[in-house]
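For reference, the structure I am asking about is given below.
Residue numbering begins at 1 within each chain, and the chains themselves are lettered A, B, C, D and E in the order written.
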Amino acid sequence: MSHSEHHIERNSLSYGIEKNVEVLAQKCYQCGKCSAGCPVADQMDFPPSMVMRLLQTEIPANDEKILRSNSIWLCVTCEMCLSRCPMEIDIPSMMDYLRQKSRSEKKVNKQAKNIIAFHKSFLNSIRWTGRLFELGLILDYKRQSLNLTQDVTLAPKMITRGKLHLFPNMVKDMGHLARIFRKTSNSSK
Amino acid sequence: MARIGVFVCHCGENISATVDCGKVAETIGKLKHVVLSTEYKYMCSDPGQTLIKEAIKEHNLTGVVVSACSPRMHEPTFRKACAEGGLNPYLCEMANLREHCSWVHEKNELTTEKAIDIVRTQVEKVKLNSALQPIKVPVTKTAMVIGGGIAGIQAALDIANTGHKVVMIERSPSIGGHMSQLSETFPTLDCSQCILTPRMVEVAQHPNITLYTYAEVESVEGFIGNFTVKVRKKAKSLDEKLCTGCGLCTTKCPQKKIPNEFEQGMGMRPAIYIPFPQAVPNRPVIDREHCTYYIKGKCKICEIVCPTKAIRFDQPDEIIELQIGAIVAATGFDIKHADFFPEYGYGRYKDIIDGLQFERLASASGPTSGVIKRPSDGQIPKNIVFIACAGSRDPAKGIAYCSKICCMYTAKHAMLYKHKVHEGKAHVFYMDIRSGGKNYDEFVRRAIEEDHVNYIRGRVSTIYERNGKLIVKGVDTLLSSMPVEIEADMVVLATAGVANSGAEELAQKLHISYDSHKFFAEAHPKLKPVETNTAGIFLAGACQNPKDIPDSVSQASGSAVKVAALFSQNELTREPLVAVVNRMGPPLHSTCVGCFLCQAVCPYQAIEREDIKTRDGKVLKSLAKINEGLCQGCGTCVALCRSKSIDLHGYSNNQVYAEVVALLNEY
Amino acid sequence: MNNLISRAKELLESKTVNVVIGYEAGPTGLARPAFITDSAKADKLIYDERCVQNLAVYLTKAEVKNFGKMAIVARLPVMRSIMMLISEQQVIGDNLIILGISEDNSLLDIASISVMQGYIDKCDLGNPSKDREILAELNKMTPEEKFSWWQNQFSKCIKCYACRQACPMCYCIRCTVEVNQPQWIPVQANAHGNTEWHILRAMHLAGRCISCGECGRACPVGIPCHLLTMQLADQVWNYFHVHAGTSDKMNSVLSTYEPNDKESFII
Amino acid sequence: MKTGLYPGCSLTGSARDYNESVSALAEAFGLELIQIPDWNCCGATAAHNLNKELSLALPARILALAEKNGLEEIVVPCAACYSRLVVTQHELKKNPELKNRISEVIEMDYRGTSRILNVIEWIDKYIIPLLPEKITKPFNYKVACYYGCLLVRPNKVLNYDRAEDPQTMDIVMTKIGAQPVDYPYKTECCGAGFSISRTDIVSKLSGKIIEDAEYRGADAIIVACPMCHSNLDMRRPDINKYWKTEFKIPVIFVTQAIGLAIGLSPEKVGLKRHFVDVKIS
Amino acid sequence: MSDFEPKVVAFVCNWCTYAGADLTGTSRLKYASNVKIIRFPCTGRIDFMLLLKAFANGADGIIVSGCHPNDCHYTSGNFHAKRRWIMFKELMDFMGIDMNRVTFSWVSAAEGAKWAEVVNETVTRIREMGPYVSYKELVNKTIEEEVKNE
């Protein structure tokens, strides 16, 4: 048992983070360098350093704020925060964990609708074809997000430049891929 | 034949309340070799001690066991009493009947039985004690101070003023250290040079101080009171006795474009140079690495112009050997150069400088005569950013610890800037302001309140140049991490303080320990902050960890007192409870086989190698030898020695073995 | 083998060394140590599976030291022994020429101690696999089973100290068992004395045993006492990540420490 | 030695131009690139956002396929795929238990021994040594080398160049006669995976990257990532709309620039497929 | 077995645990009187052979205690001791000699209460385990053999 385990609130989000992705929220001393370098911080409810601070409080209400925030969905995993953090706190891995937690607890922020729709369409696309079928992705995304008019002019231009296939380019052993999806389906919904 | 006297103390009722002291004395009295076993109410009282002294004479005792309180309390008392009674003090042992028995157990037979066991054990031990004589070590009353910065200067002057000789070694051409580079000092803003220069001169002129500049420690041997230090005097290419310090050579030297170390590269110097105008000694040296003569084989202009013909191109390095009684290490610190932070652009953009460079810009004697001009174009910056913790508290790219001095000097820098550029704007990015110290926090508050320095809590993420400005991007963590972007004309990085170059090497030469950051380690973090693990070597200043001037000076004076105390005696007297390697006649000489594993475990470098030689110098055998001057008697070597060739006085193998047997067996 | 012989001859003829320590076939066909001082006799040298004895044990003997410069036929355990002996200042590396033999019985080109170190670093430094298996079996036993297993083994011990004599690391001129002030180890060959002797021997080799197994081979009554030191060699690796005999600098685990050494039993 | 190629999905679709330039270079320099048979998508951002195990299993299948086909070294032109593959290799090396679990999921033996090269490393290793005699048309332009995120971060895992102010691409560009400009936006994020779901964010972030390159006087932005390329090139109309600008600076793959320098035609290296006209060749 | 009182010997260093045990006394905290202390300058001085000697002479349990890491009066004696204990414990475990009979602890000069706990916990544990028969038998067997031989 690690020393810090004696002190950490076991129900807290930060405990889950420590257990699952080995990120210690208490290492953060709030210098803000992550927020200063984060390309999307200005759009977030809570910039990364504030997410860290909320975690440190180990107060359920604050954990809730994080899981319901748009911050975790706006994170583009550009890894800038990690590469500049003086304490080498792996915020990107932590964000992956928080996103999965937010979904499994059904606390997803409304603004994340499109983002999740896109990710789902993406995974759907490769679930059925093994490789990304961009046209299929765009159509499926429109269906999922109901953004029917978005990019209507883009696709034809792509087609004329030979950048959009009309038919998917499939992996031969699709059975294999289907099994991979099935076996890992426990950790996502 | 052993004749042991046992004295059982009641300690008022402290012992007798739970232990049947009479029974203890009686039972012990029946033991073999115990010729006297008696009890008394207060053994530590005068009458109690007299009892012991008289018994020693009357019964011709060869060993004494005082069964009373903890030896940590009264062992010195009773050993002294024994000595006064004519018995070697090391033939006295104490049985701890109070702290380890009467106070921790209830009154019953078991407690008395335990008391008997405790006393019996000490009786068995004392039978095996041997008469020991205190160890006397002569003291050479000359101190060496390594490093001529403010800490070294203070230590040297303090020691010299107690009437003892001091040798000061400084590796650069002048003493003065980092303090001589500073413009003003916090929290008083008095001019650094003005308060330092008189001290430097005093060192040079003090009759008790011998100064060797441009010199380094080559090797250190020996132990407390008796070090032999070899010093390399690097060739200055100059006859110092002839040189008058007129400086003509330095003005005529054709090589003028060497980055000036004293100016932190903000100015240039010639190959023959005096580091700065107030240098002590005020004599030039030739930097052979850059001198045209040493590179190309011709030039010698300095030799031609020198009015006293003092230049010596063929001068060799000189090694001198000194006998030294105590050493003060005062080798200072260095700053971590800021180029390990590519996101801050140090080295890429000329107007991003470090703290020491700013000191030179702000100094009246500096390259800009004290006008804050930025390096790129000489313009006066209207908007300046100071970044604290540039490297400190950053395990990822810098160092994990807090450099301690940066908060204060950054506040000073911002203030100096505001005092010189009234209309300018100064911003400080900080994490925490650590301003503990007399008038320190007030000083920082003044920067904020009176000089309107804009303190922003947050770390800068990146700096880049655009449109002739340095764009500094950070956040204000006190405003929900709101982005802050400043278009600065100049940026000053408060870089971390790190161990000086060569610190590790020097520590190894001195046999002192150092931490993972290569700062020298004190003997105890609280109670021996000035001592090192090696007796006779002390620390002063920032070689131990980053320190400001007041702390460095205090510690220097502290180490000077330690040296003076050492020098107040002609001989050192040490407890003889030290390890010893057995010796015997040839052909074996000792059962030590010379594996020297003990040498590796000794925390005090007290184990030396002794070569047994034939008359014609052939080494017959090498074996370990304990230096009694250094051994502190921990016994770690004793337990490690496979052939049981080392033993420890006072805790010998025979003694501890006898204790185990006695404690567990009933008689 | 021819390489070895010609190299030995060359070294002796050029007077680079005064003796070559290697193996020769004994009268019964078993390998025995050979001390070749005359190049004409170098043809006797053999090198094959029979040659298992750890020859490094001779390096600390006064009679052998008197030869001055010498060459020694060395497979991995011998090389590691030499490393240890150099680090413990019992052997001077410059006086030695290593006739290294690889796993597949070919002659290695080992020009210096640092080359030897490089070779050692590349080898598997764990215990021999057959011993690993036995250790694994023993480690599965309950404490009571272990105790009686070992007591059964020790009951055979006749305190002949062959294990000590065969071990290159047991070079003390006075062994603890010969100390009688105090008498650390009971002199007689009995349960108590035997047990404590084997504990003492294993502890003295903790961090120093190079897993050659010579002690076990030397035991005339077949006590597998090498398992004791090999178990500790395993633990030295587990706890401290050090293999003995990999450096000519002092690095024996019991004469060094790291402040953050991990254990779980100290309260 | 034969080098494996993991093209990734983009190179078969929206980044066909990139694929064409990589193939053209391989052909011109006589380098054998063998596509990993039956490769699948690496899972990209979507997988690690939604499902950690899947995000490791997909790349692990790719790496296991490479191992199975004896490809000890693979080049991954797409920086995003490169990052996923290296991160997976790192994670599974760090955690043997997880490695066993993933091997079980992919029903294949996974050893984790492949050497994974990004496109710059591949160029450095195989093309640079042969480059000097091949250059016929020095690429005499000022360029802004844009590395993006995933080529250099997380630095301790990728262990490639340095995370801040990287230099490898700049050095490659100087070797073909270009003059890299000081470019602080080198490693800023373009918006990456938000290309479709949050076009606004992409427009904003990519706009800054383009603006600074134009400001520094660059003639072209050089990239090594199809995602960066599509955001900076294909999304140019959105960017110009968002910022109310008319940025015209072309965005060129590093492989295309080299292709041009050794005299390949714009068509051959896929330049004609760009949205923003490349007028400089 | 209920009236069995174990013999426990404690090997402690002078600077921390011995002083800590003094503090237990000055604080008048009570502990079992089965434990008797032998003072060493440092845990580094404690020879592992002494532990065997203690068992051979009839100890049922042993406490070995010194300064916490980094607090050693001699800076590193306890670090060396720690490594020796690790090795010793592993060897004993391998030979089936019961290391549950040995308590290793760090007790500082300020931990008077901890010393009482360490002692009481050890005595309770050893009391439950009973006398150390198997080691005593080793010695007794020896004595019997000697008698027989004579």
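One rule holds in what follows: a contact is a pair of C-beta atoms (placed from the backbone, for glycine too) under 8 Å apart; a residue touches a chain by one contact, two chains touch by 3 or more.
None of the values given here were measured: they were computed from a predicted structure.
Chemist: Strictly by the touch rule at the top, which chains does chain A share as contacts with chain B?
Modeler: Both chain A and chain B are touched by D, going by the contact rule given at the top.
Chemist: Any chains in contact with both chain C and chain E?
Modeler: Output, common partners of chain C and chain E: B.
Chemist: Walk from chain C over to chain D along touching chains and report the minimum step count.
Modeler: Minimal hop count between chain C and chain D: 2.
Chemist: Relative to chain E, which chain's C-alpha centre is the most remote?
Modeler: Farthest chain from chain E, going by C-alpha centroids: D.
Chemist: What chain is most central when centres are computed from CA atoms?
Modeler: Closest chain centre to the overall C-alpha centroid: B.
Chemist: Where is the C-beta contact count highest, in terms of which two chains?
Modeler: Result of the pairwise contact count: A-D comes out on top.
Chemist: How many angstrom lie between the CA centroids of chain A and chain C, rounded to a whole number?
Modeler: The mean C-alpha positions of chain A and chain C differ by 58 Å.
Chemist: Determine the centre-to-centre distance between chain B and chain E, using the mean Cα coordinates as centres, and give it in whole Å.
Modeler: Each chain reduced to its C-alpha mean, chain B and chain E end up 37 Å apart.
Chemist: With chain centres defined as C-alpha means, what is the inter-centre distance between chain B and chain D in Å?
Modeler: Computed value for the inter-centroid distance: 54 Å.
Chemist: What whole-number Å value describes the gap between the mean CA coordinates of chain D and chain E?
Modeler: Computed value for the inter-centroid distance: 65 Å.
Chemist: Among all residues of chain D, which ones touch two or more of the remaining chains?
Modeler: 163-164
Chemist: What parts of chain E, by residue number, touch at least two of the other chains?
Modeler: 48, 53, 76, 80, 84
Chemist: Could you list the positions in chain B whose residues touch two or more of the other chains?
Modeler: Counting only residues that touch two or more other chains, chain B contributes 343, 462, 601, 640, 653, 657.
Chemist: Which chains touch, pair by pair?
Modeler: A-B, A-D, B-C, B-D, B-E, C-E
Chemist: Please output the residues of chain B touching chain C within their complex, sorted ascending.
Modeler: For this pair, the touching residues of chain B are 588, 591, 593-601, 622, 640, 642-645, 653-654, 657-658.
Chemist: Mind pulling up the chain B residues that touch chain E in the complex?
Modeler: 70-73, 96, 98-101, 103-106, 110-111, 114, 117-118, 121, 513, 523, 533, 577, 601, 603-604, 632-636, 638-640, 648, 650-651, 653, 656-657, 659-661, 663-665
Chemist: Within their complex, state which residues of chain D touch chain A.
Modeler: 9-10, 12-17, 38-41, 43-55, 57-58, 61, 104-107, 149-150, 152-156, 163-164, 187-189, 191-194, 196-199, 201, 205, 234, 272-275
Chemist: Where on chain B is chain A touching in the complex?
Modeler: Against chain A, chain B makes touches at 343, 389, 393-398, 431, 457-462, 473-477, 480-481, 483-484.
Chemist: Using the touch rule from the top, collect the residues of chain A that touch chain B in their complex.
Modeler: Of all residues in chain A, those touching chain B are 29-33, 35-37, 41-42, 47, 49-50, 84-88.
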